[in-house]
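Have a look at these structures, which come just after this line.
After this come two complexes, each holding chain A, first together with chain B and then together with chain C.
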Partner chain A sequence: MKQLALVIDLYKCVGCHACAVNCKSWNSTGQFGPLKDHDPYGKEPTGVWFNRVQTYEVGSFPDTQVINFPKSCMHCADAPCVSVCPTNASFKREEDGIVLVNYDDCIGCKYCSWACPYGCREFDEFEGVMKKCTLCVDRIYNTDLPEDERQPACVLSCPTRARVFGDINDPQSEASKAISKGMGYKLMPDSGANPSNHYLPHRKVSVKVDDDEITVKKQGAIKAVRRKVDVEEVVIEDFGIGG
Partner chain B sequence: MTEISSEVDGHKLYEGQEVKYTTCYMCACRCGIKVTLEDGKVKYIQGNSSHPTNQGVICAKGSAGPMKQVSPARITKPLLRKEGAERGKADFEEISWERAYDILSKRLKKIRGTDPKKLAFFTGRDQMQALTSYWAKQFGTPNFAAHGGFCSVNMATGMIYSVGGTSWEFGGPDWDRTKYVILFGVAEDHDSNPMKLGIGKLKDNGGKLVAVNPVQSGYGAVADEWVPIRPGTDGALIMGMIHVLISNGLYDRKFLLTQTNAPQLVVVDEGGADEGLFWQEDGAEDSDTNVNYVWDTVTLSPKPFGSHAGVKPALVGEFKTPDGKTVKTSFQLLTERVLNDYSLEKVSHITKVPIEQIERIALEIGVTARDETITLPIEWTDAWGNHHTKVDGNPVAIHGMRGLAAHSNGFQTVRALSALMMILGIIDRPGGFRHKPPFPRPIPPCPKPIDDPALIKPNTALPNPELGFPTKPENLLLEDDGSPVRIDKAFSWEFPLTAHGMIQNVITNAYKADPYKIDTLIFFMANMAWNSSMNTSKMIEMLKAKEKDGSHKIPFLVVSDAFFSEQVAFADLVLPDTTYLERYDVISLLDRPISEYTGIADSIRQPVIDPPEGCEPFQETLIKLANKLGLPGFCDDGGKPKFKDYKDFIINWTVAPDTPVGFLSGWRGKDGRDHLIGEPNPNQLDEYIKNKCFFQFELEESLQYNRNINQGYLNWALDHKLIRRNDPIVMRLYSEVMQRFRLSAKGLRPGRQPETKLQRDRIAKYFDPIPFWYPPLEDATVDGKKYTIHAITQRPMVMYHSWDSQNAWLRQVIGQNFMYMNPIKAAELNIDDMQWAWVESAHGKIRVQVKFSNAVQPDTVWTWNSIGKMAGAWNLNPEANEAKKAFLLNHLIAEEIPDGAGGVVSNSDPITGQAGWYDLKVRIYKSDTEGAWPLFDPIKPPPGIINLSGNEGKTK
Partner chain C sequence: MSPEYSIILLTVFAGAGQGLFACLVAGDALGFITGSPMDINIMLTGAAVSLGMTIAGVGSSFLHLTHPERGIKTINQWKKSWLSLEAILLPVFMGFVAFYGILAYYGADTSLRLAVGGLGVVSAMALYLASGMIYAAVPYIKEWSTPYTPINFTMIGLASGGALQVGLLRFFNGPHITSLVMIAGLFAVTFTAMVIKLAYYLRNRRLYQPLTIQSALGINHPDIVLMDMGTGYMHYNTKEYDYKGYQNSRGTIRIASIALLFILPLALMTFDYMPLFNGDSAVAVGGGVLALITAVSMIAGALMERWLFFVDGSHAQNLYYGGSKDFAAPNPILQASKKGAPLPPG
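And then the complex of A and B:
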């Protein structure tokens, strides 16, 4: 069965919020909008966002790691928001696994937001309905858009190209390849929801310089390594590379 | 559903819908954007996938562009401060454009007819210096600059005076090929999306990223290694790394011998006029175009520099020339410097970076550069006629930005950075740092600033530009007694190499009438009353200050802005500007183009929507003013206007009647077939619009590398007037420009010499021809035992300066800034997480909310810049978090520091005049009360402001 989802590479996420703001922009005037704001120029503005970026710190100085963590609806295989919905407004599409809300049927009871293990539901207090990420369902099948733009807005905008969109049940998709290559994982795998979005963890590239890589070629290199010398005493012979 | 009415690039459009391309300006990155409009309103903004700069991606700021169009702070009427109203109260009357022009043109005509330098014209983030600097030059005032003095002139000049090019729009890492990148002091700033794209590529390719930064935000979060350095000490770290590289023979000998002045012979005999200058045969005079000499180890004699058959130059050593002079190679001098002065123990003590980490990273880049060589089968010919069948590269790239620049030791730090890049042999080669044309240019570029006050005359255009690149004291702009001519004291003995001017000095000096009283000050897009100044509280007082007779010390202040910024509130006359979506702009090769490593590129903005009635692009205002004043260049000899509007000017203006180079390089010539050089083409802008608003010309591969000495490239660049000379651009490990100033200060150089001991001591100390590190100047002027903590800012990725708190979406991302402090330091100071605290510098204090972070160097605290706002500014609710909880660090930063001789001097780099706003030292202690301090009386929105707030929800 097809399951569309996002694969997000945390090792590339610089926390720039491009995905979140571009999502907000597209969906504000898209079919599942608007995403209104409350008191936009007031004391403490709030609004509806389908995608939010959180930033965490792990570890103590100097072994600190800042992690930027974009989060939106995981389009779970066993979506608890769907099973708890008393009006069936929340539903999971059979054809592509996208979880959507039918605003006409939503009564704003918020059961779904309590059931969601990931906190990815956004209550629109202006319309009294629950909203959330649609994987830009109004873009990805939209024949009014150029073919290469039939992607979620967050994927197209991401400046480090940290986001891959596709069918995670198709082993040949870019999304599946990214998961297997990048050790993709699911957030809170034991939540029972079986989320579809995946994250790729931070990795560390290290460069190892073995002693022989320096000593073999450094014979005759400028002498005085970590040695205090007066100007007159500096012993310099030039055996730099590439000469 | 209505019918599809048209199709644009695969977009099926319904009635009322349009898709247009233009260039973003939510920050200075200049990405290509595609704007979808519906019923004349901006619906959606996305990246232009065919654009070279951003390749389809777009950042948070660019994505939030639609909300700028519905800002509540939009000014739509010219405003005049009410008779008797105080500056800063925003107490304006609405006036007509006719009256605004009448007031301004009368005033400017009088200034121009008497003493043109009484007009000071300074611009902020404008990207239109090609026009604004030309306008000021034609007006005849030297008192013009953009914001580079506050921003990053050290990054620009430090590299331009060393390697002939600099970062961002003029060069950067070869992200496609590099295997190791070090970012020094890089936050969000410059460039934004290209750097993020590049980091993504580096990760795809498995390369290593190192972030040297006191703070691990942004790019640091995805770095493979974080180097939490103490602010202002990067220069020492780099010299330590050079020490390791040279000690281990990890330098690219061939590159140093052929592309840099490393082997050139410096006279080390003391006391002569040639002390520290390059040795010349037969005592030939020192000049900008000398070839200089190397020591040939075959004939044991000096030979002209260059790659000549049979000559084997020495890279190190001390020699006796035939005329009896003692000389050493530049590389010898640098080696002595790093070995003697920069032991790793000392460097570690200064920087707080462990010895192990310094040495290991240096060895990693050294070995990567040496062993991972990239070879491309590209033929090219060097400046000495040698034909090469391949292009080699060492895949290490280094990029620096404001963390290096905004310190008073920044120029020498960036010189050290350049030296590191030269030693690794990574300039304009595959995998390293690549130039973007029009760079490389001669070191330094040929244009010199106007250097004679006698050339500043009533009703006369300046013969030379206001800004340029001095190479010797004679290039400074001084009165006969050696005092400064410019109001910002640029190109003076105090600040000689001020290639970008010193916007940060303007208010202070105009207030003090030092060196003279000006009449009119014009600010364009510069928030000098708030976040673009040091010591903001004092700036505000100086803007308001009056003479005994009740007139203002700065008599007339004109501000052009599209929005109700803090600066607007202090204006006497406000000119309502347009947004980036409402006007034509050029991103010109004459200013800061969007070129790529492979060739030139420039771009335009086109109006995609109509501005609100009453708003006028500032460019149109400048053209109209020029026409009313009859400025030469804009008008013919009879005073008749040559250009009817800015669009006409963009298309038809040329550098000179016989030089058909204009603002835009694409589709020139009557038939639009030429580029760079060609007659004006009446359809040029249409061609740009057809091509999604940019022009790109790719050089043939043989001209894309080693451009400092690539004769094919140099010839091409000369032919296309990008450079004025096509001799090899030999990189300066050793800077003879520095030494010329130093010799003048020592009294050894004939010609112009500094007047005072203070000036002589300052220049002798800082104009060292070999890079070196010295403590930021503030360290010597404040009590180091009392003020022990470094306080810096970082630019958030979602906000561009003060612009974006008016943006309903972006202010939801950051609406309050905190002072981030390491818990190690907090424990010492007995401060709790989220506690309010006083932050005190030597001359002021602010109250802030502290938040713990392990991602900051323990001797450093930091915050996001420009989040704090004056209550009411940007038409936010005066109770907004930005006004009540957020804060501005600028209040603490001294705009002037003691000069050591009883006076004061601008708190800026003594070489380039870069504002030293990262030098700040503070102490921090608990506060019993909460809330940001200082607070300012709320300013009320002026007449004519419109609140289009389009996305505000209404509760059912």
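And then the complex of A and C:
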């Protein structure tokens, strides 16, 4: 059975949010109608984004790694959101495995979002229906677009080509090759949802920093502070790449 | 989880309505067996109150839905979704209650009325199961995903409904033997409900969360800290699942809910109903008022208990936002920037 999905390389991702922005842009103007925002230029902007990039710090200083972590709907093989939907508005397509929401059937009970362990469902408060990543189903089969643009918006916009789109059940597809070459893994493998999106592991980035390059200074003695810190401020001088 | 007030009202009011109807039919059957039938006023008032409470609950649940006009579409999915089953069973139960009331009003045959009542009780029990399983079937909220959930819903619904029914018996001077059995039963149900609820709270205190931030991100390192959640302000998923309200008062609310739901009613029951067991069947207006206070106290306690049920739930997706209870020590840099600490001098 065909299963379209994304393969995201955490090593290549630089956290530029281009995928999230292009996702929002396409899905505000595509065939699914607008994705409105509440208070977009105010102090508390909020709205529907199908794709969100979060940033984590792994390890403790000075041995830390930054992980930029884009997350959108996993299009799970055993999608828990589909089985709990009381109106069958949330459904999984037989032909390509994309999980979609029929906005005309959704009653807005939000039960599917409770059932999603990844927090990838987004409630549109203006329309009162649950929305989520469509894997750009209105792009990938769109014959009006040139053939090389029939891909999800996030994949097209990624400047480092960290995202690969394809059928993960077809061993010859780009996505399957990326998974098998790059040791792709699934998030929360024990959740029982069997997600289709895969992530390629982050590899350790090592930067040689000698001990004399690290200066720990007491608060008050710092001329330029990058963050507001009320403990010790750590300044790395001459952060040379590659050492 | 953020508390959904409309669902809290639905489960508490409809639960009490179901419990009231179950106890009403039980009292009716008891009167039939012992040969001292219940007053028709009790049946009519009981059915009306039960129906009214269920309708109030359903009306409140419509406030939760953004598109209740599409509710009819839920009838197809009863095989796979507990929510769909609940949506089907609610009108079925209300139909049985209304039919029972009509049969009582027109003085239909007792066996027919009891048969309809019995079917209504079966639908009420199925409804308890369906309502509870909506929450128990969510494996990613460990606090909910337990058989305690439907059992709690059933016991608390039966206890609060039973308090209403005993109040009716007391107010309309119901048959002595029926009153005695119902009061003893209510006492037992309330006490059992309290034991189960306390066991549930104890269970949640030592809960094992198998999903971790490590498995959520697929990064095997003990120290993972969220630096940036990707948006400048909260969005649907953080508002819905990472509820931070009334954190300091939750302990007080928990004690108040146990007191109002179990301790006060048990004390009031002992005080109010003891004379009945001494053969004193006279009903004073004061007795009816105390029974009413018992029922109101139980429903108020049940509302608090259901609120706590919601806010206690910790969803697995909070792992992505560092909102898990088991999360590592918070990042001092993030904390400082959240507090808005002033720039150091210099």
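Everything below uses one rule, namely that the second predicted complex is superposed on the first by the 202 of 243 C-alpha atoms of A that agree within 3 Å, B and C clash if a C-alpha of one lies under 4 Å from a C-alpha of the other, contacts with A are read in each partner's own complex, and residues count from 1 in each chain.
Criterion: a contact is a pair of C-beta atoms (placed from the backbone, for glycine too) under 8 Å apart; a residue touches a chain by one contact, two chains touch by 3 or more.
In this text the structure is predicted, and so the values were computed from the model without any measurement.
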item	value
Partner chain(s) touched by A:K204 [first = chain B, second = chain C, both, neither]	first
Contacts of A:Q172 with chain B and chain C, given as first, second, both or neither	neither
Partner chain(s) touched by A:S25 [first = chain B, second = chain C, both, neither]	first
Which superposed partner A:S180 touches (first chain B, second chain C, both, neither)	neither
Contact breadth on chain A, by residue count: chain C or chain B	B
First, second, both or neither for A:A153, with chain B first and chain C second	first
Which superposed partner A:K71 touches (first chain B, second chain C, both, neither)	second
A:P117 touches, of chain B and chain C: first, second, both or neither?	second
Which of chain B and chain C A:N88 touches, first, second, both or neither	second
Footprint overlap on chain A, comparing chain B with chain C	17, 20, 43-47, 49, 55, 57, 59-60, 66-67, 125, 128, 202, 220-223, 225, 227-231
Chain A residues touching chain C - in the complex, by the definition given at the top	17, 20, 43-49, 52-60, 66-67, 69, 71, 80, 83-89, 105-111, 113-119, 121-123, 125, 128-129, 185-192, 199, 201-202, 219-223, 225, 227-231, 233
Residue ranges of chain C touching chain A (in the complex, touch as defined)	1, 64-68, 70-71, 73-74, 76-77, 80-84, 87, 134, 137-141, 210-211, 215-219, 221, 223-237, 239-241, 315-318, 320-321, 331-333, 336-337, 340-346
Residues of chain A touching chain B in the complex	9, 11-18, 20-22, 24-26, 28-29, 34-47, 49, 55, 57, 59-62, 64-68, 124-128, 143-149, 153, 156-162, 202, 204-207, 209, 213-214, 217-218, 220-231, 234, 236-243
Chain A contact footprint on chain B (complex, rising order)	4, 9-13, 38, 43-47, 49, 54, 56-64, 66, 72, 180, 188, 192-193, 196-197, 199-200, 203, 206-209, 216-222, 224-226, 228, 246-257, 314-317, 331-332, 335-336, 339-340, 343-345, 360, 363-364, 367-368, 370-371, 425, 797-798, 806, 808-813, 815, 822-824, 853-856, 858, 875-877, 879-881, 884, 947, 949, 951-956
